[in-house]
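My questions will all concern the structure given below.
Residue numbering begins at 1 within each chain, and the chains themselves are lettered A, B, C and D in the order written.
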């Protein structure tokens, strides 16, 4: 089967949906929209199976030569290796589930067709991104998903706020893309190609470990990744991106697109291995981000923003893993995260619809009884996110990262501590949200329950976010390494420095303990809320901090003051274009000369005679002067 | 003090010329302006005569004849015009004749 | 007077005879149509009289005159120009003046003066021609007696012309006093022998330059131009703009060549300063001028400046450029004045830009002609003016006059502004209810003449080769 | 010969349409459209036949014009010319179509001018004689002046004059340079000619070369336009009628870029290399400055106009990078900018016909009423911010990739230009189509004619985005120019 089909099918259906935006009935739209993803999912699975069967390195396909000019060549070539397969599967399967969910969620939306068109377009672009054989094509997907994210965040365009959120997302990510673009130029300059495999091969010959050039390139690539994956310092767009419909948040801003950065780094891991500095930077960024985002998530009131910040935080974990050289761990966490975060988002979506588009958690509560089904799936999701030991996928993936952040080659005890702190925070904010929503007394009435089309995907994801963990178990319990083995041909195994079961146990124990204590704190805070705790939280200093964190550590304000305002101000004052003044001034000067001279044409004969005489005098005097002096 | 006669003659002509020039500048009455132009012309004529006497050729004198003739013609036309103008402006002040400017 | 002399002077003699006959005719029987027809005939005969004269060139009639390709070419040019002006005159005077006949006498006389200037290589002939031209011009300018402006213009011209010829004469006297010669070659030789320019001769040239500069209307002797153009009858204005300037320019070139002006950097410098000043002053004055006659006057000042650039380039190409430019300039100016003439009603000349607003939508052909003329003045392709300007720039580059060229470029841009302003006015969409005051006469003869001029203009702009070859071989005898 | 025919068809059609208009406007429009389509077909046929020819110059046609000066009517076509001419006829046909309803007064004269401009532009792209080049260069100005000055918006005469004076000033400098070159060549070889091929690699000392090159360069910089010579452009583009804007943005600017590629670089290679950093700097300034101004505008057309300044900066950047990749990028950019900006102007015009304002503040929420137009704008806005899959991306990517080899820092800044481009591009969508819709009355969405135009443009821009190879191959055989 042809890999090209996988992205082409969604593109095709997107095209159909765009053209048929008037003619097609809702049912037809839904069928085409979801069906196409299902189809490409089927193809993907087929290819994956075939791939697994005849364990070849990769399946390649050259579709056509995109452009070729003066020694530069880039084709529309697809390449599926272990890494791509993982991503493709997650994208198509989770994507399909979300589409099905969306079919229900968006049911009374007038622009049904436009929505699915964009969603399909996104899936297609995302697939191109992960299947691209050269960086230019990857960039194509990269920008394509950016576009779709823009279109979908601003889907409800009538509210200007959404539009601005969409714009912000696009521009902020574009900043990262610029860095990435420059990285591409440099790579071409040195390797003479943008074909990923060739680059990875020639890189090792071209650069020694720690060579400044490769470090720069890696850092620039990291810039791109940071932009897309909403890591520090470009994380500010993601929380605002929640303006989009919930399925969008689930698909783009949780499961797939935001992990493109992870994919990019994993894909070009060779370059990062050559540039330890860059790799460490990655880890540091990841560590800081996951903590900061954790704090922010802790104090949000909007349920979707909590999830948004938690996404940022979880991707921070992935970056941390990448930075420590634990490639497969990062990808593993991506998989599990895709499952449980999609689950949580869609659960949140179900709640929001149920409560008449109410997103404020403090206006929810006591939903345990009314939305029992949602309650259960949400619980599973939260548990997985909070990494409750042994039963959840989240535990296995995250625990692996926590452990490796210390023990791996690129690891450091500081990272480890940050990861642990993150675990505590995760537990807290997750279950703060959970308790706020489902416990306490009812504040808003449920006006309609989510239908099957919305619930079935949730069930499936609930299952996945539980069992998915068992494909990779740590040494201490079971030691299953299906996943890392699968990725082995692409991503080298992590080099662990201290192979000691005791240490690993302690690490795991600690993380589990912290997660649980986090949950406990959340329970105390939200459900019982003892006096002392309330007082503590009401302390002015703490209040200030809560506000500070809620505003995402005021990064927005910072950028606003540093970049946005100056630029806008400058362009505003220069609206009339100062350069033009130069020319208008010249014109005025000419006018002035005219008026001055026009005076000499007084019409008086005497005056004219005087003119002639003066002329005569001038000429004569010049002559005399020239001769005698 | 012995100046070469030619030089002296030329100087005289020059002085005449400048006199005419000055008077045309200071006069506003058109007739007088015309007169002063005539003076200048005659100064030029004088210069020619002097020059030709210097070279001992007749060209200068011939030229002077021409000048006289031309001056006469000019004055005749000029006076006619002035008459015409006087009919319209009821004055000989040249400053009145400044309807066109700019 | 030999037969050769007689033939060579054919055009002059024909015209002179014609004047006498015309005078008698008028005395005998006043009839506008007849005199008009007769003077047309005279011009044609004079033109035909050139053909036999070609056989004898170059033919000198010492000491006063010389007939060579150069003078013959310009004779032809002047005669053709005069002919066209004559064509345009008939209706203009028919509607305006009760005594039209003398106009033709004066015009013929003035033309004779110009022709004398063209063939003269001696102070006397120069002076004679100049004065014949000037004095008949006094009459022409003031011809429309009923118009106050006409008289005013006449007086001004008279005074200034007399003044300038006084300067000219005195200058001549000085030169003569030093060199002992009044014929140009003689002067040239004398100066060559002297090897330097004594102050008296210098001063003489300076004073002569005033006389010449006045006729050419170059800064600072330009002030008369707008008033005269405005006050004089339009055909006369056209005459002044073209023939009198052209003749004087020809004379200047001849004189300059004969005295080897290029040997004296002093002269070069003075003329250069004058050229630059003329360009700027002319264009600046025209910039927001509302009266079209005055605009044409100012633009002609600037154009004289352009011509001087070629003149100063000091290369063969420069003289060719001048000759070509003169042709283009003659066509263009006469065309422009022609448009104003046909646009003018008997009551009032169409001289303000307002009269031309939206003309294109009322009388497309007239507007097209005028546009063509203006674009030619601006030096836009497809017109003779473009080739002319190109030729001048070429000469300048050839002579490495980068500074002058730069000035020229700047000025062409300034100039563009007011030409395009006129064009814009003609093409602008007139507001409803907005009505122009003049109702154009648009006589048949005039229109045909204009169309012919336009065709000529474009022809020269698209295929100038023939004219260039003519000019080239005629220029060979100079330098 | 065929090239002369191309010009003659336009010229005759111009006169014909003017005459015919007296009888019937419709016929006049059809004549204009027909002539352009015929030419387009001719050019496409030529293209198809010459995709693989080895020799660089096709249909070299030469007859003496003014032998006295060594001026000849010399036309020839190579890949670059071909692409430009094809673009000319394509956009030309579209501009006739968009004027179908918009221009209802003085139709004949309008089409006369339109075709005349196109004729001049075609001449500029085809002529291989410098005098002839200058001739055409000037010839396109007058009709363009009328297109702006007669059928434009409120301040049309001001804009027209500004445009005219700017380009004329540049043109005259070029004339000086051309003549200088003419005489330098003549002095060195005693062959006085304006023929391009003879003047190529004229031996001259660096000083002269520098000045002459400057003469050409300034003329072209004014046309391109590069900061600080750009201020005529926003006025002209804003005030011109839609067709006028399209021709200006799509074609007239290209003549400047074309001039740089065709004349400045090949005639004065050494001097061009000297000036290169400065020129690239100007390009980058143009990119950023134009983008900044565009961001501030409230007039839709003015905004688009300033984006042109920004985009043409890439042309300058790439042209002076002196490597083939950048060169190909420049050619691409010339074409794609013509398409995308032209499209934006067309839509701006269509919008103006509907809501009678160009003021962004009075728009908003139009997507509800005009979804088709909205999607079209979305596509071309994405083009202008350089989204992969659209032609502009190919162009800008190649330019940057090439200029990176030449000058890293400038390229970095140029790349930042992409971010600011995003800012202003998305601002268009935000202000025009997003937000609440205060208009209750319904607006007609794109009608059939407009659909045809837009679809044509969309197809082309996507084609250039996904399969630019034909174009790149065609422009390839000029690469020695930059060596």
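To be clear about the criterion, contacts are C-beta pairs under 8 Å (C-beta built on N, C-alpha and C of every residue); 3 or more make two chains touch, one makes a residue touch a chain.
Only a predicted model underlies this, so the values are computations on that prediction, with no experimental measurement involved.
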Chains touching both chain B and chain C, listed by label: A
Approximate Å spacing (C-alpha centroids) for the pair chain A, chain C: 79
Mean-CA-position distance for chain D and chain C (Å): 43
Whole-Å gap between the CA centroids of chain A and chain D: 38
For chain A paired with chain B, centre-to-centre distance based on mean C-alpha positions, whole Å: 96
For chain B, residues that touch 2 or more chains besides their own: 24, 30, 33, 94, 97-102
For chain C, residues that touch 2 or more chains besides their own: 155-156, 159, 163, 167, 226-227, 289, 417
Chain pairs in mutual contact under the definition given at the outset: A-B, A-C, A-D, B-C, C-D
Chain A-facing residues of chain C, complex: 155-156, 159-160, 163-164, 167, 199, 202-203, 206-207, 209-210, 213-214, 219-221, 223-224, 226-227, 266, 269-270, 273, 280-281, 284-285, 287-289, 414, 417
Interfacial residue positions of chain D with respect to chain A in the complex: 162, 227-228, 230-231, 234, 292-293, 295-297, 323-325, 327-329, 365, 367-368, 371, 375, 382, 387-389, 393-394, 397-398, 400-402, 404-405, 411-412, 415-416, 418-420, 422-423, 426-427, 429-430, 433-437, 466-469, 472, 476, 479
Of all residues in chain C, those that touch chain D in their complex: 361, 375, 380-382, 386, 390, 393-394, 397-398, 405-406, 409, 412-413, 416-417, 420-421, 424, 427-429, 463-465, 468-469, 472
Contacting residues of chain B [partner chain A, same complex]: 21, 24-25, 28, 30, 33, 94-95, 97-102
For the chain A and chain D complex, residues of the former touching the latter: 18, 21, 64-72, 136, 139-140, 143-144, 147, 150, 154, 157-160, 162-164, 166-167, 170-171, 174-175, 177-178, 181-182, 184-186, 188-189, 567-568, 570-572, 574-575, 577, 579-580, 582-583
